[in-house]
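Structures for review follow.
You will see subunit A twice below: alongside subunit B first, and alongside subunit C after that.
Up next, the complex of A and B:
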């Protein structure tokens, strides 16, 4: 390496190609990515096409026709996922429009409040909604009966239904849609809306004919994200659907791992989930490809905000209502439950207790699981970010031949639902040559694979906004590729890198679909401990553990952003 | 050292007599009860840790662990508490990947011992603490000892159900008035419910479960969960539960009443055994001594279970079992039926 730095440009060229360190790194990263994706999925394919004796057969796929095994849960899953997609968009898009394009008061606060909901893992939200809206003991139903004088079994809402599941999943998916829609609206040039207004279009006409079509791609992407999240989530349906006596596909796949495990059948069940995801992602490209008009306009000023007039405060109230119901209320009820002996008790000095705290921290595994969660989260976030930066860089600068293949490998896992990955990793790493089951490594691999596509896509976008001239200057002055990457590119991308890091870290905290199949007693994570406690009915204990988990997440995220900002100050920016 | 020779002898016997196992175990005399020795304690402390996979009530198991750590400082107690069926799956999954993490297992589904015995996964070990207990308190070959027993009982919320309206028979739960008001635990998770389902299906026929499944029951997993849901008022009635856990919830002041149907109540013995591949064989044995000691036995009794130990005292507020008709299950038959039970249950209750 020192040769290439010290030598002239020409000398580097005469060296054999494989000596270029970036090529070696490319090779290693490429191999690792290929290994990450191909090994487990090779096994998944093999298992789905063999029986317990290992002989080739389509028997597993024939069995999928059984409505109790596959078809029923599959249809339920698609229905729920569709509902979540619609509801998440219906909640997120108006909110995004309000905070991005109107003069609604407290815009920054609203944005911030929605962002905080990222740190609540969906399965924790599901438990919170059991506390709020279980048909008889749920707080909302208790108050409903008191206020309206209804009978003891009358209810206002029942969370143990498909509708309840849709609502809870949409509550935790809509922030993703919101971010997408708000970013698009923020960046959208306002010239076209102005043009439409000048040409005599009414406000409503402009919104419908100009603004909406421009937001449509983001809307579609948002719908897909919500749909895919809902289709592949394990925790929420396990907590809400099983008590109601029905399965979705993820819970069914999980149940196939109960004794005696039917791993081959589980592999076969996972394949359709994989196919649906791939088809959906392809169809998004196809739809956008046809609608893909570019917003020409270049650099324009800050968009003109729509004046809401007398609707300013009603709009604020509506936005606050959505946020209070989906973000504030579940967290409040967790705080409440953490202090009560029986979660349906009323709140008074007699019922408040430290029992739940004592229960949680009296468990022999609590500290180990907290350590494991933090360790795996930090390592996955750091490694994942490094990989994503490298691949995004190599791809953005077309630095090496084969960068497209790398890009493909980094985005491919997006088509892989967590539980499918769990099945694949379980099969792939419980046998030679790589016996990683029972170690934290298998969880690290799972998280790296799951989080690689979003991390890579975020950084890819960031690289696109970075002018290559700066790096070229440094390379001309003699710096190697690695040197210009670390001392020119990295500082400029600091905030994007920090955001990606946080995104991956939070992703590991929220994950349960793959984790549930991959942990053992010594490699438990908090998410699994919470799930265990739920099977035990220890809702108060879950509340305590969940609050601790969210506090840790918040601290880590704030610290990561502080560190990134301190660097900025030091660099004099 | 006693422990080491035992392990070696066992290994040798396994190696030599694999095809003759059934004959050998039939003819084998019960091992002699062993008392705690200073060597055992010292060796256990050297191992420094013990891992207990158990289906015991979470709170009780945690307390027992703390008492064990207090009595034997230097040995860390690690608890893996889950349903007996879940632990069984976990152990088989871990063992399939050559992960030997568990030292001692306690399960509310004795049929697991039948399977583990055949597969040589557990060791015969009889402790002096239980030597004087009734003969049916242990495995005839000494592979496991019954830690305590409980019952699978139904119950109701006393605020939501008046005593005169309360169900009395198992079949009362099939009354349309309880539709949507029942909570029930799952035999695929809980050993208590697995054993109880086997027993009740014999006593009442599978039609009982088929009809019960039409009652829109709320399906939870652990036998510890129904009393909590009923105490919260989430459901008025529970179709089953582990009696000891229900007693613990009731004694904490919750509006919960249990009833003992005259058709008979399934007995749920909970046994413990030392794993043959226990990574800490001495600490494992020491823990079994402790679980069967008078000190631990009194804790089980205080928290609602029934002990085989003659040295325990029933708390003043608890009536002895005399009036209840008890139904026993044969673990070997449960082992044969387990798959069928899970299948039929899933067929009726959909999950």
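Up next, the complex of A and C:
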């Protein structure tokens, strides 16, 4: 019928393999990523190995042995991060299983409620928990004293403790683990569970020996994300640990930038963090390396739900309790604070006021700040997702030499506290050839770097679940790698891609620790404005701005979920 | 349609040799099966042909043009081939019509032409009613036909099938075998068909290449492979057979523990044991001869007799202890423990090299 088509295609266009245009584009992405990550890392290394005069020396590392400088905060940090990882998994996995694999009532609602937790920036959550559980003024303690008639200094909870920090951080980390675990459970073909049941495995046995091991890659990836987040977070410990009188590594490093700045010492403090991360990522590979988890086939089936019987409603109540405490309560208290002139006022028609709103939007910078935040957020999320897809693809398909190195580069920034990356970027981009300081570009670069690891890890997990034959089928029919990626792989991973985009966008508009060193008065972002208000003790203003930030986030999350669901409906029919 | 030539093709995975200096020629329009047990290298060979894997040695040419050699691999998308996958690999987010049209859209044909060609082919494949469905809404057989349609519509130079029927149930498999052969007779694509199922290979193929340990053991027509196997592996892999081992006593004659067998075809290895294959339905049953049996004749006791409807299956124990399987017409009745005479006709005794 159309021999001419067959002839023009290929034979006349046969280029040498290295000229394959897809490979060139993929290669360029790789180079850009290498540049993105290696430049600040290079500065980090240079600074850690030089003294204030720029002379080579190991002096910085000798000083790390000082418990007050490094060792104490380091151990505290690891302990807190471990606690956060465990608690986040303990909260997320049962919830994911309930929502994805059982007939618990209101499954969609529960899922939606957990997703709303992404909306609150962690440092805002920390402020909320100060309002709720500060030893004296905290609402919980006030009600405790009223209800139980305790003395004026008695308290029920104290958020300014290591346990308090673990709790607050885990409240904001567990949704990440939940998404990974729930997505994996959603995709898992039910016949694997049925195969176990038919062989005589009890429901519990099946759960333990089949379902759980299948979810393990996502679970470990989730634990890692929670752990690394807790280890590198600055906002929450700055708000909760400093008043309690102890340091974690990030706050310690931040304190080294207070006058007189000791940037070289700070760089040296960051190196052990990097090493811990490398060890963690290595052990994940070792744990998961030998199993092939190819789970999406050409065939799909409706998932078989476990009947909970009489446990349906107790399970629902337990899930609701977790969600109310971690998600609903902090947001309610923020709403309350946004309406009151002073935090300790009681909540009644007489005390409600618009003062906080007027204060915030009366500030000259508020509108520019919102514009900047949205612009940088949208661009960073879109570019970041594209890069993460490409790198996860290169790694999953071993498409180019050096894909392992790319994978390492994409995960490495997770080990650098935002504040240290901020300094590195500051140094790197205030001198030729890239004088970007004072523009939004430097913020874009910072966010791309910071958000690459979570974006990449999530997509990598998704790629592991995609049968490579689906892509092979596209290529053998004449589509290049890039075309197959955009027309086959991307739509099939639509929900993962949409989730990744959300992660990056939300991560960007709530980022504080790197941003604070990289903004100028013309390029201010909402998170920095909130920080300024915190310095002035304007908790009501923080609540208003926080709610604005959360409203923007909520709109984006809902929109992205819509897009993902459209894809799922088509694929699942 | 193009001639496909694999020369000295080699592929390692670490220290393991998956494909070992393999030579194979598929003439234009021929359907050749790669048949062998799992792990014999047939799927790797297919991935080398399709360009998803790069060879460590040797080369592949299509219509005289080299597409694979060490260090030079034309990517799959520029080979003008099509492939049918074991998992069907239908794209779950596209409808049947969109799945099938995909390859044509890539070739930037006018929309009207794409639509008409898709319509015609779906008609041929009896898929018209399912045009707007998604793959998950189809049965296994329908999904398989969509996979075939998607591969055929681009009129590939070479068609590759990777165990295409292994996910189907037995009835459907039987039906799809004939479907594949029917489509081949109609379109005559140069085709490689990977399977581990010998009856699938027999039904569909012009030529069968039996593979073992990364090498081709024997290539021939289904008739050739069945009637004239060259090795014990091939004789056993294609259909059931009796293998007798003995001592060479002449060019075409061997002594198997007292049973003297003349072979009219095949050749023994110059050294070592003589190996002879004879199919169960070729052995004739009769009354035991008086005195010592002559060449190609034996006496045995019926150890098991099974009635299969059209046939009877016997296991006969010879005096030497050797057991033979026999398929006889159901008219040939022998009772358990009967002493009977056997004839192993020389024209059906096949001498094997190893």
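Going forward, the second predicted complex is superposed on the first by the 422 of 573 C-alpha atoms of A that agree within 3 Å, B and C clash if a C-alpha of one lies under 4 Å from a C-alpha of the other, contacts with A are read in each partner's own complex, and residues count from 1 in each chain.
Keep in mind that, in the parts below, a contact is a pair of C-beta atoms (placed from the backbone, for glycine too) under 8 Å apart; a residue touches a chain by one contact, two chains touch by 3 or more.
Keep in mind that this is a model prediction, so the values were computed, not measured.
Novice: So, A:474: does it touch subunit B (first), subunit C (second), both, or neither?
Specialist: After superposition on chain A, A:474 lies in contact with subunit C alone.
Novice: Regarding the shared-chain residue A:160, is it in contact with subunit B (first), subunit C (second), both, or neither?
Specialist: It touches subunit B, and subunit C stays clear.
Novice: Does subunit B (first) or subunit C (second) touch A:483, or do both, or does neither?
Specialist: second
Novice: Quick one: is A:492 in contact with subunit B, with subunit C, with both, or with neither? Answer first, second, both or neither.
Specialist: A:492: touches subunit C, not subunit B.
Novice: Thinking of the overlay built on chain A, is A:559 touched by subunit B (first), by subunit C (second), by both, or by neither?
Specialist: Neither partner.
Novice: Which of the residues in subunit A come into contact with subunit C in the complex?
Specialist: Those residues of subunit A that touch subunit C are 1-3, 5-6, 9-11, 13-14, 17, 20, 296-301, 467, 469-470, 472-481, 483-484, 487-488, 491-492, 494, 567, 570-573.
Novice: Report the residues of subunit B in contact with subunit A in the complex, numbered from low to high.
Specialist: That would be residues 51, 53, 58-59, 62, 65-66, 76-83, 85-86, 88-90, 92-94, 96-99, 101-102, 160, 180-181, 188-189, 216-222, 224-225, 228-229, 231-235, 252, 254, 339, 346-347, 349-351 of subunit B.
Novice: Help me check something: in the complex, which residues belonging to subunit A touch subunit B?
Specialist: Residues of subunit A touching subunit B: 68, 134-137, 152-153, 160, 242-247, 251, 255, 257-261, 341-344, 359, 362-365, 430, 435, 437-438, 520-522, 532, 535-539.
Novice: Going by the contact rule at the top, pick out the subunit C residues touching subunit A in the complex.
Specialist: Going through subunit C, the ones touching subunit A are 50-52, 65, 72-83, 85-93, 102-103, 106-107, 109, 113, 117, 134-137, 140, 143, 150-151, 154-155, 157, 160.
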